[in-house]
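The two complexes that follow have subunit A in common; it is paired with subunit B in the first and with subunit C in the second.
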Partner chain A sequence: MAADAAPPDGSRRAGFLRLVPGLTLAVFLGPVAAGLVGTLLPAFGFLPALGGEAVSLDPWRTLAEYPGVADATLRSFVTGLSATAISFTLVALFCAAAYGTRWFGRVRAVLAPLLAVPHAALAMGLAFLLAPSGWILRALSPWLTGFDRPPDLALAPDPYGWNLVLALVMKEVPFLFLMTLGALNQVPAERSMRVAQSLGYDRMSGWLKTVLPRLYPQIRLPVFAVVAFSVSVVDVAMILTVTPAPTLGVLILRWANDPDLTLQFQAAAGACLQGVVVLAALGTWIAAEKAAASLGRIWIRRGARRMPAGLNAAALGGLCGAALLGVLGLVGLTIWSFARRWRFPDALPSEWSLANWTRRADQLAEPLMTTVWLGLASAAIALVLVLLCLEAEQRTGRRPTNRALWLLYTPLIVPQVAFLFGAQILLVGGGLDGHWIGLVWAHLLFVLPYIFLSLSDPYRALDSRYARAAACLGAGPWRIFGRVKLPMLLRPILIAFAVGFAVSVGEYLPTVFAGAGRLTTLTTEAVALAGGGDRRTIGTLVVLQGVLPLALFALAAVTPVLMRRATFGREG
Partner chain B sequence: MTGSLPESEGLVLRDASIALRGAPLFAPITLTVAPGRTATIMGPSGSGKSTLLSAICGTLDPVFALSGMVSLNGRALAGLPAQYRRTGILFQDDLLFPHLSVGDNLAFGLPQGLSRSDRRARIETALADAGLTGFAGRDPATLSGGQRARVACLRALLAEPEALLLDEPFSKLDADLRARFRQFVFEHAAGRGIPVLLVTHDPDDAASAGGEVIMLRDI
Partner chain C sequence: MAISKIWRAALAVGLALGGLPAAQAQSWEETVAEARGQTLYWNAWGGDEGINDYVAWVGERLAEEYDIELVHVKLSDTAEAVRKVVAEKAAGRHADGSVDLIWINGENFKAMKDQDLLHGPITPSLPNYALIDVAANPAIELDFTIPTGGYESPYGQAKLVFIYDTQTVSEPPASMAALLDHAAANPGRVTYPAPPQFLGTTFLKQALYELVDDPEALLLEAGDNFDAVTAPLWAYLDRLHPVLWRDGKDFPSGDDALIRLLDEGAVDFALSFHPGKASSAIAQDLLPDTVRTFVLAEGTIGNTHYVAIPYNAAHKAAAMVAANFLLSPEAQARKQHPDVWGDMTVLSMDRLSEEGRAQFDALPRGIATLGPAELGPTLPEPHPSWMTRIEASWLERYGS
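And now, the complex of A and B:
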């Protein structure tokens, strides 16, 4: 009996391609695991390079005695979870209210570009809006408030962390919304809605009761990533919390950067504590999921058909408000970058100038160049790896298991500082700290999962009959890959590349640790300046931070059109 | 049975059946399609007839397994990668590559290693055959359904296949176009003297194909 099990594309001999997924995970996770060990050991007193030769609990003792650690830890936990809960609720309510309406597409058009702008840029925009000398008070002064000079109020940054929550919501809402859009294609939302509405449910209750329960498992991983990120974020917290009331992440970075090297042990213990806080936050979230699921089942059984009036307007308002704050902040800082004289409470500068750009050109050039090559290099490497992994998946017919996917997303769920701290020690040992190799690797950890997230669905969705038709025309697997799949997927591939680039531009902590102060990017420069009042320089940095990723997204949108024109002329 | 190469010319199926995770989809069939002749396999949708064609041309999804023997002009096909089987196939949809012009779609089918002038001449001949002279630079999306179907057929034949498999390629065309395209396909295949295997659920298709008709039976 001759059995035939040649997989699609007709090549069992996938050769080295077979090894790529495993290799990618290894290159990727080996250093993360090593980094975690490198953080754990000093946390228990072991770091021979700094004289720590015996295992002890001293680092934990000094950590516990450090004034304000408990407050900072609680602040991290509360702000992170609140930001996630608010973002998720807003997105869920908005989707329920607007699914199938014109608003859906409109909001998408506004939120997608915001996702491309780094966290730090949005946070600095928000800081400018809310600050005592910021745009909001300028708009209300002096006619309403009576202020003719900035008041002495702690509006932004604020000691309670509410600015931090707001900034995280501004950035996580677009992320969760776009993830939800992707997941909506994988559940029969349209049909469920039709059934629910024919049974008398209004749009919102129908969506929440029939679509959300099936949709949620699809976006659970991204939601976990949001929890972990929000609880351990450092750059946004540095911009929007005040020095006496930091978050845990800010404290750890302060110790890690302290010239007094004995603080390294305390920083390592803090990084471990950060890991525990993330676990606690995820645990709390999972408990809340369970509670929401059983409350939801009761709610569904009771059969209420109407949502409270005004809830849809509130959801829409909340979402648009967050987007508006984001856009306004960026516009404000853009104006600052061209301002020469802008007194309080003027709404606009009284004198404009290009001097902020020309005089600081030298100062801007180096971080700009580093940002560009770092983003291009890490996105290109990640894109090649992801494409090869996806191609290997199709040739071997083996989809990655759920466990492999979770491994791929570990760098998004394990708090950055917990393994970057240890990884930095390894980089120093290998002489790679402040070297471009270490920096590209550190960025790859975060760029690669996002590129995979963005490209895997379109790659799998490509009609496999094209590849089959090509194979039957005599094309080998590589010819099919290069001449059929890549050109047909040009648009999603370019968008994935732009996503990767945008992620790299926004990375703060990996750049600080792996760049060792020798390699700086627009984001690290901007965060370093955030504490001072130099809004003109901050403005130029933020403009560049925003313009770079947006330019790449624009290129990704335009290139396929231009290429069609080149192939078919104008009629195409 | 393994290793014993069959003698006969054309496309030969002996005790061929497809199993999905061990469960056979239809009773084994035995069939010989001589060069220049046509055979038709009929069965309702879901009976596994398209899957059988995938197995013959080497693009079977790994969840399925082919049992029995399939050979083409004396070569056993089992285990051979699709691109070495020389089995052309036409699907319900034309599957013209949307990123390539009509001429480049045809060029994709041509064997590699031809000279530039030879390539161009063959494409021009093919276009003239299809009544599409001067269409080489066109975007396939700007062609009519019938034109696209003819281009797809010629693309498959330019690859110089030793057999042509037809996976209901007529079912999406309207009645008038359908008869003409059917004739176009059968004439061109006969002109090249290759065996044609058609799967369909339409008795009209089977009648106009004119050869042996096999009904797939459940087990």
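And now, the complex of A and C:
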């Protein structure tokens, strides 16, 4: 970037600020790299503490011989890619069909809160909805189905992984949709659409042919993050796949937790394999991108003006259906949290009670407190770092290169288990396992990229004339930062903070590894119970999991309004 | 009787392998004094609310009596604690470790003992250990046939029981063969947790005891005889699996999952390792009050669980005091209370004072809990090598 874009004296005055972006990346990526090495060494037989003192391929041999590994690997690959493809298609078709209509805003209002709810909570809601003893069959039994006992069918969880795909779609659709919304500001969407429509293209074909090709590069990194996440997700898979047909990630966690310590080597090899699977999935996706691009070019050149009828209804239906399942599942579990007895096939509890909340209050208190301070601390630290990075970028006039952005995304693209496994050994070495410092660091890895994603565009979009006007009035850069930029950006800053908090609330694997069982959150407690625990307790945990981030988003929305009112009240 | 023969054989094997080394140098008073003000990290499975409440109560009592602050590190699998100690050893943290006390038995104990990860022997130093008549109950020092060597202190006994709803099943099966008949007549209504979940493994061992020709073979390490000895088990499972819940393609995660399935009416039987589980589930509104407990006529598998102290524990004195407190009549009687845990005590009644015995006599019994006589004979755990190989073999046959 040109140095002359920087404000006068900017690069010299920025001082320590110039070091912040590099430092931020080093603090994050150093331990990730070390964690990867810590996983790689035992995968090749080297872990002296467990008697592995020579490099060998034995861990890979035992991994390959383990029954069902190939199936589990394939299941991870297929479910992850399907979930991404379905989510992306739904979002693209919906945007094409609804861009510029009132549906756009409405759907956003429904999807944004779903994004705030942790994956595990949505997955557990889905499990209750679709299980053979679930809410849907309860509502239809026995009057319609004739069942007075739950049918012996593997509806949810299931051995094929379609519940896993469905749950991922429920969560990735809102994510990709909001990412698309952000990216739409960076492409001349409205102008393109006006031109396309004046040439006779209908809304959908116009959007798909003129906006999507320019939009896609902007959301490519988030899409890659979705691919990597979906292929390697552990908590959702634990909840929605059956015990004998797990995904690779679930198997790795099982081995890592096995009393037979020799399985640690196999777990390390599995964690490496998980990395390979993610790479393979990304490679497949990139190949599909290329194929889609050349097919798309042919399609655009042919010049068809109309999309098949019903496609927009299908996109809207798919999107709303996924959102509805998400909401219904959460409502079902909320009802559970107030139930005393709710046996099959009753559609609603036969006895109600507040005891789940009152009697278990002290059991809920500890994970609740950990979740809250962990979320607040990691979001606050990440927010400060991101603000400093963005400010450094404006003062030095140096935008992060594409490569730096990729680095920032590393924790989202490298499968969590691949470096968390090794990072745990590091944490133990530093005496930080199960210590809040290690846990906050582990969460920061995932919170920081999302806060950066959320805040970078509004920060860069702020009209630079405000800062220049303040400078003309004699304000120094820090004063401009504190008195002009921060107040004007209060709303996006608070929203970014809420995003970071929501990400932290939902993290499972980093909490399990860095918390070392001593620090538990609502999410780890809920996932531990998901397999067969008391649904009433699951209900209370899920309600809290959802309420916490939503409360913070509500605060983020309301605070700027109240503050403005207070300011104008005082001054007016 | 065949069972007492099995126990005698188990004892002979155990005595041949173990024996208690000499007691520690520090006096008990010194240990108690050193423990004052320490914070004790007890790593214990945290998946049951009743058990968590009990641990919390132990914490209150330790604070009152000994000025020890107890922190319950809730594990979903005891192996997590083992791994932590291993990781600490790997990182060179040979003192000041993060785990002070572990609720442990079986495979995990064997793994830690084999790798010299335990502090001890500890039981010779515990005053309350004298309340156990080891001569009358030799099984207490055999953890899954592995001699404890005093490296772990017992604090409860468990036994496999079955739970059924009298509203759905009139005559519960009295043997594994009868269970198969019931499953065949009612497809999809019988299931068990998948090994290596311990209840699932216990179910397999239970079947094995009934089906093998010579149960004594199970007390020695599994060797070349593995295939021959276990052949009847696989034949049994091959017939059972097609008529299991979900055709044997999915399995519940443990006794809580089974109790949920029983309550929903999805299955006819739940399994548990806690004889008081049915009563406590009724008390927690998790099962209707029409459920009852039953055991198999020829006995069911039972075992003892223990607490052990890692070699690098930071607060060994507090851990010793806690282990001793867990052996007090007060703590044992509370543990056996059906509303609390419903576990069987490890203490020998004839070693207790009048006052101590009275605490046990006063315990109520839940409506669905069997009395000591009705609980039937207890079968010993086989040597862990059987378990490891059965789990691997099961996974190969029915894993996916």
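Convention: the second predicted complex is superposed on the first by the 558 of 572 C-alpha atoms of A that agree within 3 Å, B and C clash if a C-alpha of one lies under 4 Å from a C-alpha of the other, contacts with A are read in each partner's own complex, and residues count from 1 in each chain.
Basically, a residue touches a chain if its C-beta (ideal position, glycine included) is under 8 Å from a C-beta of that chain, and two chains touch if they have at least 3 such contacts.
These figures come from a predicted structure and were not determined experimentally.
K.L.:
Just to be sure I read the superposition right, which of the two partners does A:Gly476 touch: subunit B = first, subunit C = second, or both, or neither?
P.N.:
first
K.L.:
By the touch definition at the top of the document, which applies to A:Leu490: first (subunit B), second (subunit C), both, or neither?
P.N.:
In the superposed model, A:Leu490 contacts subunit B only, not subunit C.
K.L.:
Can A:Thr511 be said to touch subunit B (first), subunit C (second), both, or neither?
P.N.:
neither
K.L.:
If you stack the two complexes on chain A, which partner ends up touching A:Gly531: first (subunit B), second (subunit C), both, or neither?
P.N.:
Touch partner of A:Gly531: subunit C, not subunit B.
K.L.:
Taking the superposition on A as described, I'd like to know which of subunit B and subunit C A:Arg468 touches: first, second, both or neither.
P.N.:
A:Arg468 contacts subunit B only, not subunit C.
K.L.:
Determine, for the superposed model, which of the two partners subunit B and subunit C contacts more residues of subunit A.
P.N.:
Comparing touch counts on subunit A for subunit B and subunit C gives C.
K.L.:
Counting only touches as set out at the top, which of subunit B and subunit C does A:Ser141 meet: first, second, both, neither?
P.N.:
Neither partner.
K.L.:
Between subunit B (first) and subunit C (second), which, if any, makes contact with A:Thr567: first, second, both or neither?
P.N.:
In the superposed model, A:Thr567 contacts subunit B only, not subunit C.
K.L.:
Scan A:Ala154 for contacts with subunit B and subunit C and give back first, second, both or neither.
P.N.:
A:Ala154 sits against subunit C, while subunit B stays out of touch.
K.L.:
Would you mind writing out the residues of subunit A in touch with subunit C in their complex?
P.N.:
47-50, 67-68, 71-72, 132-133, 148-150, 152, 154, 157, 159, 242-245, 256-261, 264, 340-341, 343-344, 351, 360, 363, 424-425, 428-429, 431, 433-434, 516-518, 520, 528-529, 531-535, 537
K.L.:
Under the stated contact criterion, what part of subunit A meets subunit B in this complex?
P.N.:
So the residues of subunit A in touch with subunit B come to 1-13, 397, 463, 465-477, 483-484, 487-488, 490, 564, 567-569, 571-572.
K.L.:
In their complex, what parts of subunit B are in touch with subunit A?
P.N.:
1-2, 54-55, 57-62, 65-70, 76-89, 91, 93, 95, 97-101, 108-109, 111, 137-139, 141-142, 155-156, 159, 161, 165
K.L.:
Note which residues of subunit C are touching subunit A in the complex, please.
P.N.:
Where subunit C meets subunit A, its residues are 41, 43, 47, 49, 52, 71, 73-84, 86-93, 98, 107-108, 111, 115, 187-189, 194, 196, 245-246, 249-254, 256-261, 263-266, 284-286, 288, 388, 395-396, 398-400.
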